[in-house]
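Below, subunit A partners subunit B and then partners subunit C, in two separate complexes.
This part shows the complex of A and B:
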């Protein structure tokens, strides 16, 4: 029976999410203003007088107390105005909205790669009768788990960018290619507009960062799914199917995999949010113009409005993914439905 | 492998050696396709620069990015300055062909170049120049150098000649016209499109026009064919924003870029000695120095001078910076207007020990201080400070190193709360003593650290000195006094490593701006 999406939407979680987001806003706002690094001090011109400095501080609203600053900021934020970036002199949300598509495409590609690799190796490992293969997958999995994404990124740059020059190592698209697209979802729009040259070039730029992000997640998926598959394989329904003479492959693909995917999905959701965090360093290494790269620039420039906006967006992404996972859970498992 | 696959899917998929070769062939095709997307920088009409900073905003006259010296290379590609500057820091006609003060320095005059076109094909007019200067001098404009531009006003235009009243005399006015925020902006176009529209589609009179911009990604420029300075050497210039130094090295090694800069000196040597790349690593207008704060124990002149004489600057350059850099003894580097090679603060550990002994300190009873430094902000900054602390230890100064972020340095400096010693780098692309010794050492400046009346009394008269020769000599005397008193510890003038592919020529620019106009194909 088809389950309406609204019915499975975790309304209580939605409410909690809003409270969480408010908490993130408060904490980040206060922290940003008490940690070392005064943005005004970085902007003082050589001949500035104390009055000039005070005027500059006032123009950014930094001369008020933190609670007053927060109330003013919140008043604007609820209307969608998150301020103007100090370093880039553009609307914060406009800046983030311009970069989010690049990061979204990158992380979604990384997620697909992680799922394919993770599920594939987990199933392969479960089905393999050879100890050597199982050990190889297990050891390989250990390496993938131990090596962080930025190390993979640097390794790929050296291997496929410098030693064997087959992939571009920086940017999102060859600067010589003009896109003139309506959105910044260059990959998706390129597919819809049937522009193979754009799609091919964008994919070529995304492969290395996507794999760097995907490999650690693939290892986690593989480990959890393999354990879940083994546990499901011991359940009565699986043993019964085996007695009936069904092959291990059919039992796995048709019976146990669906059930084993439930805990894997939960974990993937959580890990996917971490992957968004991982984009900060990986995007920097590949000079990929997403929100991760933007975040580093914002921190270097002590661009408080931009940092605040980025933290909120990261928080929102985290919450939305978790809500989506909860809703998916409910759809997959009727016992967990709310209301 | 085949068995495993068969086992895995429960059927014979018939994987054979032939299938494997087919797969390998497909992989090769894919690799070829991907290589096509690898943005190889090979076109002779295009030069691709792996650049070390992102471009935050296009308007070169407002906001924090306007005073970022590194970004000036991009601004100078799109816009023109009032006054031009050669790679050796000397000045030349820009959009102004002549300029100067009247005899009693109460008026300035400028002649605007004729035959200059904006990127939208409209003509540059003297009204553009006056509007740009008035806008820059307006405190509401957000120009960080407004304090300079506001020193003139009441402009009048007569043909191509502009005159203005001097409200307060600033001897560096015309030098600033070749430096930060000294760009002429398009009055009519800016008023038509507004600030936001200008950021979306900026125009200037410079040698290159904006073709496409992807923030944090790249900036593609195309040649301005009607450029008054002649047709640019390349049809297309691409700035790829690659802030990570390792990635910039990989960029040029992979062939993704033709030119890159600001890479570790070790990588510079490796790349240029490998035969595939050429390079230049010349001194630039950026120095490494240690601020001395007027707090205990540095109120003792013997301790300050001992700290200065104990440092072997040449050894630091040779051992840590692979020989790239020039030792300095004042805040004026060679090439600056007030550079005086006769001012010396020699490495003399014996003298340092004696000075400390005179104040009751020795290696057994060392004077204890804190030194602050960044780590990784400038080449080998932390390592340099470690070496200096080692040198100090040998004469009787025991220093504790405190590492902080550069933003913290600015905050502490603005609040005058730096530690007794604090490492910093100081750029001065116009080479004037007012913008090096002046702003770094004059008490009322928000950037100074040593604040005492004796020094301020020597500096104060120089700000408004109208006799240029007397002014420069005055700053040299101040530099000598600072060296004798040990009010600051200058270390070295940095060298800027630039690596480029064979077939190109790059002229090093002492102002650090790697402008595309300084890059050209080799003459056959």
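This part shows the complex of A and C:
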């Protein structure tokens, strides 16, 4: 009894998402133009005449009123044209598209690490009868909840980059390794093409930033899932399963975990969007060539078109994550699947 | 006379953490084979706690602190875990209170119904399905084959409770704990489910601990009953005798508080404050404060 995929897609949320995205575009556009900071001032040479400056300003459309600028920008944006980066003199979409794969791979790896660690420790502490194991996990969890991602990033750099020097502390791949790849998804393509040298080197570069991003999320997942597992374990169906002779391991893995994952997943989705925010600083620390790092460059250079494009891309990512979460609810919850 | 099916004596329970508030105070009762024994009392009296203690599913916050629970002569509270696990589910089963939460929302009802048969009897394949269909026929489900493949949210509360009843009887246990099995159901469905439990219990000769706060229900199904207040036994004996002439004021108040279909218009009477005060005084003579309610 399968429902067609389109019926599962949350159309209402999709519409809402478009409205949200438009709102984000308007607000960021106006804010960026009223806050101090002149992009032209950042790019002219000291000897430029006022006429030169005027001409440059006009060439970027910055001499028009804000509403007019917005309408022009929007007209181009709906066709996928977000203008040219002022500081890098390149097409904004092209720039972002070139950097996005690096960030996508990094955050997905971090998400996988967070899910494995979070779910693993939650299940372990639920199953463990020993007080010591439970207490150790509980305390570890408290620490992980309190320490932000960039502190982990700096700690890892000091430990594994400086003191032990076992991991590369910057970049995404050793430039000496040649990649004649079709896409910029170096990790995924390396895996598909079975290139262990590439995969190994990329992973070595990603492991520290990925863990820095993953640990706080893992802590949240663990906390929420453990609570949900405990609550599910006291549900009548779990008590009945116990009476019927199913072991605690089986009850947890086959009965309660799936139900407990539903609230956990909702929260993981929200927290995962925060992780994209975290990439801005963590990518900077590791000079990782993703959109987070690009965003800092854009802000330093007051690169309005680029900042605007990045804000929209971040907004779009948030929305996509939320849609993915909703869709996975439908998979986990038979009530939604058949209802 | 041989040992009763279930013999609880001096059972006490309390909160595990300080201040260790007592939840059961030296409760004793016996259930003979094939007997339906009612556990009556208002909400919070400790009825479910007794049921859970028998089934070894007390929440972590509650611990036993005295007494024995003998099943066919063997004390469940001191029995090795492996032996206890073997008994529970096969010899002792549960019909839970809320059919909405007693079925796992993400498993088909058929597989939940047949857990016991699969895990304990090793049944599988066609034989298992055949047995499952028979079980559902026993609880008067008309199209068992279709129902087996459904998820809990796709069937009504009454239907779920019938499935849970079928599951409880599936291994032909000697004792069933029925914890308010009709409280969560519509009035019309309640009667039907009660009759069903009573019938199946008679056919199988099962002893039942029947938890309820409804004396109207007690009158219909229970042979004997125990009245609880604040974790303490207030009155015990033959149902008919107690309902006809309760010896304790609290029981009389409970009876008066029960709406009766044969005394139209009288409505419910609240429990007189004096009786509750008496009971509280009695509790404090034991050195306990009343536990977490009233």
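Please note the rule applied: the second predicted complex is superposed on the first by the 329 of 339 C-alpha atoms of A that agree within 3 Å, B and C clash if a C-alpha of one lies under 4 Å from a C-alpha of the other, contacts with A are read in each partner's own complex, and residues count from 1 in each chain.
Keep this in mind: contacts are C-beta pairs under 8 Å (C-beta built on N, C-alpha and C of every residue); 3 or more make two chains touch, one makes a residue touch a chain.
Keep in mind the model is a prediction, meaning the values are calculated, not measured.
When both complexes are superposed on subunit A, subunit B and subunit C sit side by side without a clash. In the superposition on chain A, A:286 contacts subunit B only, with no contact to subunit C. Touch criterion met: A:99 reaches subunit B, while subunit C stays clear of it. Put subunit B and subunit C next to each other and count what each touches on subunit A; the higher total goes to B. Of the two partner chains, subunit C is the only one that A:245 touches; subunit B does not reach it. With both structures placed on the common chain, the touch criterion links A:205 to subunit B but leaves subunit C unconnected.
In the superposed model, A:81 makes contact with neither subunit B nor subunit C.
Taking all C-alpha atoms of subunit B against all those of subunit C in the superposed arrangement, the shortest distance found is 14 Å. In the superposition on the C-alpha atoms of chain A, no part of subunit A is touched by subunit B in one complex and by subunit C in the other.
Those residues of subunit A that touch subunit C in the complex are listed here as 234-246, 255, 258-259, 332-335, 338-339.
Residues of subunit A touching subunit B in their complex: 36-50, 52-53, 55, 85-90, 95, 98-99, 123-124, 127-130, 133, 154, 157-158, 161-162, 165-176, 178, 200-201, 203-205, 207, 247-250, 284-290, 293-294, 296-297, 301-302. Within the complex formed with subunit A, the subunit B residues making contact are 3-4, 7-10, 31, 33-40, 46, 48, 50, 54, 56-57, 59, 62-65, 67, 139, 144-148, 195-196, 199, 212, 214-218, 220, 236, 238, 240-244, 246-247, 250-251, 253-256, 404-405, 407-408, 410-411, 413-415, 435, 439, 444-447.
Taken together, the subunit C residues at the contact with subunit A in this complex read 52, 55, 57, 59, 85-86, 88-90, 92-94, 96-98, 101-107, 112, 115-116, 119-120, 151, 153-154, 164, 167.
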